[in-house]
Amino acid sequence: MDSNSIKKLLESVSNKDISVADALNQLKDFEYKELGYAKIDNHRSLRTGYPEVIFCQGKTPEHVAGIFKYMNTHDTNILGTRATKEDYQEVIKDCPEAEYNPLARTITLKKKTEEKTQTHIAIITAGTSDIPVAEEAAITAEIFGNDVQRYYDVGVAGIHRLYDKMSEIKKARVLVVVAGMEGALPSIVGGMVDKPVIAVPTSVGYGAAFNGLAALLGMLTSCASGISVVNIDNGFGAGYLASMINKL
Amino acid sequence: MDSNSIKKLLESVSNKDISVADALNQLKDFEYKELGYAKIDNHRSLRTGYPEVIFCQGKTPEHVAGIFKYMNTHDTNILGTRATKEDYQEVIKDCPEAEYNPLARTITLKKKTEEKTQTHIAIITAGTSDIPVAEEAAITAEIFGNDVQRYYDVGVAGIHRLYDKMSEIKKARVLVVVAGMEGALPSIVGGMVDKPVIAVPTSVGYGAAFNGLAALLGMLTSCASGISVVNIDNGFGAGYLASMINKL
Amino acid sequence: MDSNSIKKLLESVSNKDISVADALNQLKDFEYKELGYAKIDNHRSLRTGYPEVIFCQGKTPEHVAGIFKYMNTHDTNILGTRATKEDYQEVIKDCPEAEYNPLARTITLKKKTEEKTQTHIAIITAGTSDIPVAEEAAITAEIFGNDVQRYYDVGVAGIHRLYDKMSEIKKARVLVVVAGMEGALPSIVGGMVDKPVIAVPTSVGYGAAFNGLAALLGMLTSCASGISVVNIDNGFGAGYLASMINKL
Amino acid sequence: MDSNSIKKLLESVSNKDISVADALNQLKDFEYKELGYAKIDNHRSLRTGYPEVIFCQGKTPEHVAGIFKYMNTHDTNILGTRATKEDYQEVIKDCPEAEYNPLARTITLKKKTEEKTQTHIAIITAGTSDIPVAEEAAITAEIFGNDVQRYYDVGVAGIHRLYDKMSEIKKARVLVVVAGMEGALPSIVGGMVDKPVIAVPTSVGYGAAFNGLAALLGMLTSCASGISVVNIDNGFGAGYLASMINKL
Amino acid sequence: MDSNSIKKLLESVSNKDISVADALNQLKDFEYKELGYAKIDNHRSLRTGYPEVIFCQGKTPEHVAGIFKYMNTHDTNILGTRATKEDYQEVIKDCPEAEYNPLARTITLKKKTEEKTQTHIAIITAGTSDIPVAEEAAITAEIFGNDVQRYYDVGVAGIHRLYDKMSEIKKARVLVVVAGMEGALPSIVGGMVDKPVIAVPTSVGYGAAFNGLAALLGMLTSCASGISVVNIDNGFGAGYLASMINKL
Amino acid sequence: MDSNSIKKLLESVSNKDISVADALNQLKDFEYKELGYAKIDNHRSLRTGYPEVIFCQGKTPEHVAGIFKYMNTHDTNILGTRATKEDYQEVIKDCPEAEYNPLARTITLKKKTEEKTQTHIAIITAGTSDIPVAEEAAITAEIFGNDVQRYYDVGVAGIHRLYDKMSEIKKARVLVVVAGMEGALPSIVGGMVDKPVIAVPTSVGYGAAFNGLAALLGMLTSCASGISVVNIDNGFGAGYLASMINKL
Amino acid sequence: MDSNSIKKLLESVSNKDISVADALNQLKDFEYKELGYAKIDNHRSLRTGYPEVIFCQGKTPEHVAGIFKYMNTHDTNILGTRATKEDYQEVIKDCPEAEYNPLARTITLKKKTEEKTQTHIAIITAGTSDIPVAEEAAITAEIFGNDVQRYYDVGVAGIHRLYDKMSEIKKARVLVVVAGMEGALPSIVGGMVDKPVIAVPTSVGYGAAFNGLAALLGMLTSCASGISVVNIDNGFGAGYLASMINKL
Amino acid sequence: MDSNSIKKLLESVSNKDISVADALNQLKDFEYKELGYAKIDNHRSLRTGYPEVIFCQGKTPEHVAGIFKYMNTHDTNILGTRATKEDYQEVIKDCPEAEYNPLARTITLKKKTEEKTQTHIAIITAGTSDIPVAEEAAITAEIFGNDVQRYYDVGVAGIHRLYDKMSEIKKARVLVVVAGMEGALPSIVGGMVDKPVIAVPTSVGYGAAFNGLAALLGMLTSCASGISVVNIDNGFGAGYLASMINKL
């Protein structure tokens, strides 16, 4: 239940459009909905401004579908991340309008069209292999109503590709920079813009990349300022935070 | 040289208040000033909106003092981080008005009073031992003109101390949460606010804390959303980024 | 052979109900039973109060089944952990009454119903994905005769779900807290109860979670007191220790 | 304020022995005392049954002394851990009756003699070099009123020294086993007793001991059951938990 | 070519039983045989007293078979380690008398029966899951003509199983102790015998066992003397070294 | 576009053989070609003397094929590394003359025969299992027109195999030394030659080899001089750098 | 008490040269001597053939001196390792004939001259900086009566220095090879001899040597056979084991 | 003895200018000079073209001075790296003309002026704190007769400082790029030049820089080609290798 729904409910009670008993009933899962295997955090939207997002990894397809089904009874967009095709096939049994993006591994169910933000988020990748993580970030930001601009494959091995886009990139209100291997791109970008940079290390690379550790350490120790870091491959976290900053 | 100074210079040229030759001379270090051991990035302020900050660690006191002396010829506040008492004693030979904060290990030289921001930054620590890092963040944010509110020693072992301050904390536009040991505080805070949380792991703790590694990994893998992380003990980076977001 | 069986045997000898030779024969595997590929620790029950538990991982299904078959000749409940479906299919050839729990990956064979304990153990998880490890702990505690209460999916991202259950949770004599990712839940719980907390890190998470390392380090460096830690994903160890403490 | 003090206060109010205003005044720091650099968790004793313990490391001697001074206004024993001689010298200015144990690095201030427990805690070390950590555990357990038995230097290189003491050791209600290097002692002890074993890895050793990592990993992966682990060198945590279990 | 073969060849030349040209031809691969993808070290037997052993992992079945085929032209026993069933099926095309041990993952081809040593090697495992590594050690030692005694599943969780065998074990000239998890067994054994102990960590275990790292570090930092360590799961290396010591 | 092509184009413009408009058109992708999922760095050849190489890992077969197709419109040899059979099957749909090397995992498309270098590169492996990485290096060096000599399976366990080839090896202008396990070979070679040695650690080995980490650390800390290191298994990087040095 | 002393005592009892009561008294510390801070393992010599050795690190000088004083009442040579000058100065108060070797950091007290072994141990170092560890090994082996030959600074950067000594080195019965940095020397030596090689990694080196980790991993993954490894800088352990093998 | 000296000696023998006995005497230390604590590799110059360099760290000042004294009897320049002031004070007792560079921590003794190379080496640092490592590289390259150009403090946080120097930098024959923190500079430089780049990670930075690990991993996983890496802080190794390549 988000802030608006509660306000409406309270007004209805005040106007006697609804009895106290009925209002109480509507509020019975106000804090969270107990599903046995999960407790859906209904209060979250009111508290943080964002509905709960479903992290599908480690859950059975049945659990994922059960949570989608329950959340579908509310009036907010639904996002599942790290979803498999199996999760999706289970979800659409009850929510046939849900959509699957195999690249970003997301299941989305748009219940209402949020008004686009005036300012936008730039999402930038170093290479082609970083695109799935970037897309997870983009889809997350978009489902929360943000305008997103994508700049892919502009890594430091051919840095002129970045410069070519730089004047455009500088117009964003917040930047998400996604890179694997040595993860140097956020340092370069961070040294040239006056906006917050959210750095996302990816597990792209091999050997001493150690599944994203090299990029992670590189981004944490960046000599440029205005940069912060999220977990390896955590496109969702970056998109969520970017949305939060973009909407300030 | 920041945006304002350049504008003024160009107007003076346009008005013939200053000759082209003199203007050129003033612009000769426009991009950077070569000091031999360092190249001061004068262009930075124009590019990122912030003047260069002096990372004193690894530099000799003479180099630190030399950079302060040069930057003192400009009209911006100066900040040196990770400064020792030796650095400071060298700096005040030429810049007697510089101030040293031994807790935060900063040298500051205020050349002009920036107007305070309307919104503020909340800086929160888990324990008393995390205060030096928090102060580095606070001083950084303050020298860039931000209003800062401090909430110290509200860690999860006695979480009611945090709750007691929560309604105040929620009023901040951006939060810096500083914690060592298991670094759990950003997760708790992040789950209760609708603002960006900048998490700063500290090297407080022993044994399996591994000099901040436990806190760092904990913050990176936080189950709460809207959190990003800077380097271990990097109070400066957090304060800088918080300022950037607060001023958006 | 547990303490009771030996006492009965000695009384029988004393009463001449059984010859010394026959008693000797019954005691021939008193210390351990040699199976060639394994030496079953029969003495264990007498020494530690608990029969040997079968760690199935790394053993062939034939070996697992052979050990079950031998232990089935005694009068104690049997527990196999980290068991595969293949292990189970081999076991039921000789022990058709054995049961398999695919979530907890346990094979259990109840030979007698132990009286339930008066006090109980609370088993708590941060998320839905931590449930398999929690169930291994629960089944272990239950087969040793403990009353177990489950509180699942009450992690710190929506901490009010925990508070909602807190007064119930406080009634337990000992708590098992299971969490992956940053593993912050034991710190929160530990700060609010006056009972021992056994923390179980899980390998849930990705990237900097490093297969449970982040949660493990976090729990070891917890700022709360009264917490100790078992191996990553070691539900069995937590359930066993909880049983030991609950029965003190 | 512990449970007893509050009860008395409420009775006084009920009996009109004290005015509501005065009672309120006495309760004004009921939740925590704000010292500026620290928030003393007064509520903790009521919540967890144990008063707050002062972790001195990372605090200035002045802060340590300030906290001691404040806590000295209450009627509970006070314990400071990881204290330096400098901390102590500052503390005794206001609390001259405080005592320092240089081996265990503790400052203790006994305000009342707690009745000794009927059951006892066994504290065991593998070597002579592990004694400081063991003493921190022992002093912690003793200040909370536990009877402690010490068994030092009985490590696995000469395991008969342990066996010689085994019948005594088995009488304890809970065991703390402290070991560095390969940390094998808890596995041996755990395989022979039917009581909970709290394993404490120490940073004793060199090279591949990696400051206690070898012992920590060894204890976490112990093949014996009934063992849990606290942080490297965390004698306090082990003593605290042992006290909690011993008093169940 | 071993020492004996060369001696015979030189005697034949000396006795004119063979022409210099023919002798030369026999010696043309004296140093090594070039196979293109491998250079078989024929000189090794003369230099180190042992023929080359084939490490099959990372080689194609065709390469493994090619090396077996070539070595089969000599008069020494042949050993392939870390061999798959596929390797074996390729090898027997040309060497039908070769044998495969799926537990130890070895292919052996016995060309002559070496006289058994008078003294023997004891091979000891902590658990049942360590047996494959122990068997690799045993088969290696046996093919080089050593008498081997096996003591399996005598780990520290039920240490009386070890003591039961101790008087036998003490008769060995050198001991190989194989253990996973915390790897404590070599410390126990090493503290009770006056013979060299070769410790073999195995990758048995999960979580903080980190694929054998816990056992490896534990064995390296053992408080007992007379112990040395080989690589994780390196049964071959232990068997080889044990043979070398046994034959001194 | 390489240096030659641009020169020709400019001469054509100068000679009026081509209109300015047409020249412009030919130059429109001068900096890079936008493919949506990738930006092909056409400028690279001019800048670094080498055309872009396709790192296939992490790209879909369709993307790999799309890049090959585009690059096939230019007049340079094309190299794809870390390519799967699936990549290749997609590539040959449009570029049927492309060749696949399953050992080196490369796809090559030779558009012109570069003149062989006068000097040559020596590529040396410690073992047979290191050959795939060595072949990646060799194919990379060869497609850029270098003469390559291979010396395989000459590792330190039978160091006479290396010495046998040493006088030949010394004739190379630059050496690539490929080794897994302890990675000692570059130290030996580096101590005997007066030419640069490029060391390539491989992930060959098990246990404490930690997927190439042991070899990597060994090579970085080599006591011999004149050695530098590339990433684990990075045959391409070694071949590329060797080519660069060989052509100086 | 070693085997001989006990035999003599029993003969005296048998011959009535000594009363049972007196014999009992002599045997009262037979198993171990309780010093409060230490339990001296008197039984060790009988069990393992070697008297207890004092690991001084982590003990106070007073404790070290106390143990020396007690052991001086027996008739065996005494060895203290990792001893500081402070330890020594305390020891000589009661044991003035003790000797200190500052390079090897050993305190030795020779009570009897053991007959030299017929065969000898070769101790080899890669560099000059490895000598302290090698000397700890040499002194340990010598105090147990072994003949030791030293070959220092023969590392792989100038491998001909090793070859020059090789025919001598091959005469040893067992070899100790000490090396830091990449630790390649044991692989080279192991490939050329037919005797056991005990490899000792040292913490010599910097950067990626990670305090001996590079050398440790390199030695564990050596491609040569007949090698085993002791802890980083563990000269004592190597000397002890070499003695054990040399005396077989 | 370098190639020239030997040639002269042989000519003298051939011309009978010197007796065979005298020549032999001059050659007696031809392979190496035994100093007891060190074996100076005289043969090295002939073999690798470079005289031995003295790694002072871990050697006593007396040993360092002894090696300088001996090498001073030859006619080559002498270089000691990682030297302390104490080393230097001992060295100048016998070699008063030796010079100490406290920044680079080198002792140099120039015996002859090598002709400068025609081509030059560019040495580039990211920051001011990286200069000591860069100077070690520069002094090494210079003592071997190379022309060196320095470009300091041009890191990626203000990348225009690099671009300003780029056309100059491109003229070098080989580049040494020195950087700490995230170590991104070699990737940027490597993407813009057609010459070999030797990357040197430094231990500059804190927290997640892990003493140079972040920079090391970043450089190893660089997405740019033509880059290889030496050990953390290994200025000497980079300067040596750069010299080798520059002189090809």
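All chains are identified by letter, namely A, B, C, D, E, F, G and H, in their written order; residue positions are counted from 1 within each chain.
By definition in this document, contacts are C-beta pairs under 8 Å (C-beta built on N, C-alpha and C of every residue); 3 or more make two chains touch, one makes a residue touch a chain.
It should be emphasised that the depicted structure is a prediction, and the values quoted were computed from it without experimental measurement.
Undergrad: Going chain by chain, each one touching the next, work out the least steps from chain E to chain F.
TA: 1
Undergrad: Report the inter-centroid distance (CA atoms only) between chain C and chain G in whole Å.
TA: The mean C-alpha positions of chain C and chain G differ by 44 Å.
Undergrad: Need the CA-centroid distance for the pair chain C / chain E, whole Å please.
TA: Once rounded, the distance between the two centres reads 38 Å.
Undergrad: Between chain A and chain B, what's the gap in Å when you average each chain's C-alpha atoms?
TA: Taking the average C-alpha coordinate of chain A and of chain B, the gap between them is 28 Å.
Undergrad: Any chance you could list the residues of chain E touching two or more other chains?
TA: In chain E, residues 127, 157-158, 191-192, 207-209, 216, 220-221, 225, 231-232 touch at least two other chains, as defined above.
Undergrad: Touching pairs of chains, all of them, please.
TA: According to the stated criterion, the contacting chain pairs are A-B, A-C, A-F, A-H, B-C, B-D, B-H, C-D, C-E, D-E, D-G, E-F, E-G, F-G, F-H, G-H.
Undergrad: What residues of chain H sit close enough to touch chain B in their complex?
TA: 127-129, 131, 152-154, 157-158, 160-161, 164, 204, 206-209
Undergrad: Which residues of chain G touch chain D once you look at their complex with the stated criterion?
TA: The contact residues of chain G facing chain D are 31-32, 36-39, 41, 43-44, 52, 55, 57-59, 63, 82, 201, 203, 211-212, 216, 231-234.
Undergrad: Applying the document's contact rule, which stretches of chain H touch chain A when the two form their complex?
TA: 126-127, 155-159, 181-184, 187-188, 190-192, 205, 207-210, 213-225
Undergrad: Applying the document's contact rule, which stretches of chain A touch chain B when the two form their complex?
TA: On the chain A side, the touching residues are 47-50, 53, 173-174, 191-196, 198, 216, 220-221, 225-232, 236-238, 240-241, 244-245, 248.
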